[in-house]
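For reference, chains read A, B, C and D in written order, and residue numbers begin at 1 within each chain.
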Amino acid sequence: MQDPIGNLYNWLMGWLVSWGVDQAISNILLSLVGIVILVTIAMVLDVFLVWIERKVVARFQDRLGPNRIGPWGIFQPFADIIKLLIKEDTTPNGADVFVFNLAPILSLASVLLLWAVLPIAEVVFGVDLNVALLYIVAAGAIGTLSVIMAGWSSNNKFALVGAYRMVANMISYEIPMVVILLIPAILTGSMSMLTISQSQEQYWFVLVVPLAALVFLISAIAELGRSPFDLNEGESEIVSGFHIEYSGMKFGLFYAGELLHAFTFGAFISILFFGGYNGPGVTQMPVLGVFYFFIKAMIGYWIIMWVKYTVPRIRIDHMLYFNWKFLVPFSISILVMTAVMHKSLSGYETPVYVGGMLAANLVLGWITIEILRAQARKQRKMDDPNSRVVAELTH
Amino acid sequence: MIPLSWFLILSAALFSIGLFGVMARKNAVAILLSVELMLNAVNINLVAFWRYGNIVNMAGQVFAIIVFAVAAAEVAVGLALVISVYRRFNTVVADEIDLMKW
Amino acid sequence: MTTEQILWLLPLPPLLAFVFIILFTNRWKVLSFSIAVAAAAISWIGSMVIFSRAVALHEFGKFIFQSNINWLPTGDTYLRIGVMVDPLTAVTLFFVGWTVLMIFIYSIGYHNFGKPKGDHDRAGLQPHGATVKDEHGHAHTELSVEPMFSRFFAFIGLFAFGMYTLVVSDNLLTLFVGWEIMGLCSYLLIGFWYGKPSARAAAIKAFMTTRVGDVFMLLGIVYLYSVTGTLNYREIFYNPEVLHVLGNTYTPLGISVASAIAILIFIGIIGKSAQWPLHVWLPDAMEGPTPVSAMIHAATMVSAGVYLAIRIYPLASAGGGVHNLTPAMMTMGIIGCFTALFAATIAVAQNDIKKVLAYSTISQLGFMIAALGIGAYVAAAFHLVTHAFFKALLFLGSGSVIHGVEHGALHTGEHVDPQDMFNMGGLRKKMPITFWTFLIGGLALSGFPFVTAGFWSKDEILADAFAHGQWLVFFVLVLAATLTAFYTMRQITLTFFGAPRTKAAEHAKETPWTMTLPLILLGVFAVVAGWAGIPEALTAGTIPNWFHEFVGATLFEHPEPLVFNFTPMLDSILISLGGLSLGWLVYRKVKAGDPDPLVKPMGPVHRLLRNKWYFDEFYAYFVVKPTIWMSEVFTSLWMDRMVIDGILNAVGGIIGRVGHAFRNYFDAPVVNGFGDFLGEGTKWIGKESAPLVQRGRIQGYMVASLTVIIILAVAFFFFRP
Amino acid sequence: MTALQIIFLLAAAVILISAVMVTATRNMVHAALWLIATLFGVAVIFAVLEAGFLAVVQVVVYIGAIAIMFIFAVMLTRREMLDKGPQMNKRAWLAGILCVVIFASLIYMLSSWVGFNQIPLLVGNADTLTLLGQSLLLPSAYLLPFEVASVLLLAALVGAVYVASNRKQEEK
């Protein structure tokens, strides 16, 4: 029971070869099977994510949430799906049909692509890519593309505006995210997710670079386009943004994509900073990692939801200022600090190392807060009406 | 295994298509698109020669990366020019931007 | 620090000074010049340290300081750059360090630091003077501070960077880089007062003229690289195998590869150190501020040309030697001799104090080149050093003189040209320090026996010419030397002796210490620098000829010391004394308003000389005009419009015809197809050829050029040898 | 016909078809999208050549940045999106001839080269990613070109901002 997937693979492989299928062909076939299985798991999970989301938001808003269909309303999602499937599937006039239909598929695909590199356990993963971190960014780029395709092709000004906002949002917040992604790479000397998870056996990286984890969380939320960064679908201004024209299952794809994306980023946070599948007893029984992984990912997802249903939406200029004037410089300074400290502390044994890094992070955070406070004071003095009145009176 | 010739033919074809686009398209943006095609053809060649030459000498990949940088710069400046030209002449048809003639 | 580290860092301070002044301290004069001078001082200390270590080293020359790094990966090999000190570099560093520092200090005073702001000065023009009230309350004008004070120091800082880079580099590539940086700075500094049209013109002239040479020089360097695969001095010039191979392989032209390369590079040198026929820019370069004239056009940049010439001497002499001259050496000898004589004759008839010095510089550089041409390697280097000192001294002195006269002119409100020697006279009393230092410099220039540096170096050149039996060279140089002595004394007499010829000269005033101190220090060197190279036989072997031993070690096989002979020495004594006394006698009593006493006896010859043998006019008529005609009439009008367009029209037409013919043969019956065949064809000519010719359509250009490229490529592919 | 060859042929087909579409289609946005398809194909080709890093960078840089920039530019130069009239200029036929000639001559010259049909040697377990990083950062390797590229990017950034900035608005 050490390596179930590997055993299964070998067994099937032997079976196929004994059937006289060529080695390479059967390899491809098995890979396809694996892909199908992985995607299916993801999608099924996605279905239940709908339920979870609705339950959690209900609790946040002091409601009960779905509670009719099945125990605790657990079969509510299926009802939703059926509803979406039987709705009329409209296509606006003057829409660019091909692109219009391609966009939602890409949107979901860009999320499913991410699952390829998730190390669910030490022995359960799609592929151990040595450039996985870059791969994440690449998939994000495809997501951006799907958004702009949807916005442009639906021939609707609200959709286009929403798409523009979304793209501006994503492209801006990609920068701090990429910078932060470099930090685990620095700490482990590798861009492979599996290696990053493995190297967190003793201590989680959140202890070493808490600030990075925080920034990653923020930029991840922005990347997801969820509240407080959900300007792309500001119902009050542009009625639900780039997927305004989509109905039925196409909208469903967008929706599923968004939920799965959120969960996936929760998983990323857990992998990059919270030790991924690591937990008690994993060394003896690697498959246990799956359990820990999903628990941590769920917690991450829950945090994202928490933020979403607590914090109100912010203005677009605030959003961009926050990114360009605060997050980007901050993340870069974290990067530099981490690189320097890691280099200088790497010789010492673990407690000293972790303590040093933690201390450095705390110092940096304190400095940042001080700077912000000073600026806020200045700002307040500037736009405080009384002070201006005083100034005028003194003249 | 794939012989080197396949890659070379592919990149030659891609290059020629891009060249055609550069010389024949009206729209300045389209010309830039075609330039991208040509650059990609170059990259395919670079990487192919790296792969089929001495693996340890990374010159091919390094220069592919530098081509990426150049492409990004070229697109940024080129599109900026196109946009300012569009502001100035209200067109992006390359043939209609012909002040430089005697 | 190790010597290598110092070497790497040596050019840096001036560059940093340049950057700092340009970016930050542009507004504060004190800060600017202190940074610049400090940088120059640091580099000076560095070069002195290097020089002392070099001198201390035993068998220096075989073992040298050098370090180089991989710079650019070129496939599997690398383009290496590095630094090196061999004896030649050491002595060059010595005088470069000194002169540069002196000139930096001098510039402070020259640009009237501390003087009030001018009344109507503006950037780009010389300061016109400012009115100030003295304690008695009545106003009088005095010199005003340079409006672009900081900028000047930034520029000369950059210039010093270029010079140090050139000197310490161990390969021709970085040397070329420094060379071009200096070219740029020369342009910037000659045109420093860009408000004056003449200055602008002079700047452009200097830049263009030197470019002409540099192109050839670059060709030579590329050729050398293609032949040897390296540009490192040691690997080429200190390497008998390479030199032997280069010297004995022959180009289609019949001369050896070494000579060909040497000649190509030498053309660059001609441009840089203003040899005939590319000398025209140097006199005009006097439009720049005098420190610039001193620095660029006496001490460093033009010396850089000769320095390079000395560098490539092994190449030039490869396959030949002192006794059978290679073509390259002959070229050098001929051009050097001619320049020396020709410039000296011009200098005789100039009235502008700086112009005289400019021409004398050209002529002295001619001396050095000629010396190289006859294989007098050490003598050339020696004269390079001494000349750098006394010529810098003379220029700075002349600047001081001009400054004094300007002061007088402003004081009296008299409008005279402060550079015309006929407006001076009697400055001996007014500006004693300037006078004595200038006198020392002048005597050194004219080779006053036994004390001055110029005597020993010039004498060594003559002795070499004599010993190797190069009679023509010998006599030409003797003549040139006589003229040198003559015009030097003429200058000194007109400037300092006799009675003041103008009120301005009367009220001239000694310049501040920042200007006189460099004069004194340089004056010292103008004397003592020569004692390093006193022939051994003269002192009966008690003092060895240190310079010869030291610099001779630069070459792989040392040049043998000369058998001493009294004839050339006597000659040089006689000519210097004779020329000096002659000058004194002729110009002793020139009254105000008198013409040059030589005008009457010499007549038209004098006019010819005064007009610099009409060289500028010659170029104007035979080079500039044709070029303009070429570009405007020939290329644009005939080639472009008639030939090229004609061809393109034809191409378009033919293609059109063909394409259309096909259609007709397939579509319509031949007979009535033929009718519109012609018509359509002609229409095609118009339609199709229009984008091919210059209609401002970029893609049309692409198509046309690509067609040509394909045709050429196919041609090369099939008809390649 | 190994699996790798199949993948290659598929990718090549995608590349060439979509490249043709880039130069042929009238709708500029479609052209940009076709370009993206081409770039995906090229990324696959990189993956086939076992240059995974470049494959991913291709997607990040080209599709994440350049393609998006193109789409924005197309939308900003909107008037041309009406796509009336032919998208080729009058020289198209001549350009076509030239390109065919170039392609033919390229293939001809390449096929006369000895290494034209050579088979790759195995990468084995050489960590090309580490090698790439080292050769980008060693001064004895390609550090200088790498830095120059970064400077180039900075210059391009500044230049683009300056060129595209609307002066009229600044004057206000």
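Here is the rule we use: a residue touches a chain if its C-beta (ideal position, glycine included) is under 8 Å from a C-beta of that chain, and two chains touch if they have at least 3 such contacts.
Just so we're clear, the structure is a prediction, and the values are computed from it rather than from any experiment.
Novice: More C-beta contacts across B-C or across B-D?
Specialist: Counting C-beta pairs in contact for B-C and B-D gives the edge to B-D.
Novice: Centre-to-centre on C-alpha atoms, which chain is most distant from chain D?
Specialist: Centre of mass proxy via C-alpha means gives C as farthest from chain D.
Novice: For chain A and chain C, let me know how many angstrom lie between their CA-based centres, rounded off.
Specialist: About 66 Å separates the centre of chain A from that of chain C.
Novice: How many angstrom between the C-alpha centroids of chain C and chain B?
Specialist: Their C-alpha centroids are separated by 45 Å.
Novice: How many angstrom between the C-alpha centroids of chain D and chain B?
Specialist: Comparing mean C-alpha positions, chain D is 6 Å from chain B.
Novice: Calculate how many whole Å lie between the centre of chain A and the centre of chain D, each centre taken as the average of the chain's C-alpha atoms.
Specialist: 29
Novice: Scan chain C for residues touching two or more other chains and write them down.
Specialist: 73, 691, 699, 703, 706
Novice: Scan chain D for residues touching two or more other chains and write them down.
Specialist: Answer for chain D, listing residues that touch two or more other chains: 2, 53, 57, 65, 89, 91, 95, 98, 102, 141-142.
Novice: Can you tell me which residues of chain B touch two or more of the remaining chains?
Specialist: Touching at least two other chains: 19, 23-24, 59, 94-95.
Novice: Return all touching chain pairs.
Specialist: A-D, B-C, B-D, C-D
Novice: Please name which positions on chain D make contact with chain B in the complex.
Specialist: 2, 4-5, 8, 12, 15-16, 19-20, 22-23, 28, 31-32, 35, 38-39, 42, 45-46, 48-51, 53-54, 57-58, 61-62, 65-66, 69-70, 73-74, 76-77, 79-80, 86-89, 91-92, 95-96, 98-100, 102-103, 106-107, 110-111, 115-121, 123, 126, 128, 131-132, 135-136, 141-142, 145-146, 149-150, 152-153, 155-157, 159-161, 163-164, 166
Novice: Of all residues in chain B, which touch chain C in the complex?
Specialist: Residues 19, 22-24, 31, 57, 59, 94-95, 97-102.
Novice: Looking at the complex, which residues from chain D come into contact with chain C?
Specialist: The contact residues of chain D facing chain C are 89-91, 93-95, 98, 101-102, 105, 109, 139-142, 144.
Novice: Would you mind writing out the residues of chain D in touch with chain A in their complex?
Specialist: It is residues 2-3, 27, 29-30, 33, 36, 52-53, 56-57, 59-60, 63-65, 67-68, 71, 75, 129 of chain D that touch chain A.
Novice: Residues of chain A touching chain D in their complex?
Specialist: Against chain D, chain A makes touches at 24-25, 27-28, 96, 99, 129-131, 134-135, 137-138, 140-142, 144-145, 148-149, 152, 167, 171, 174, 191.
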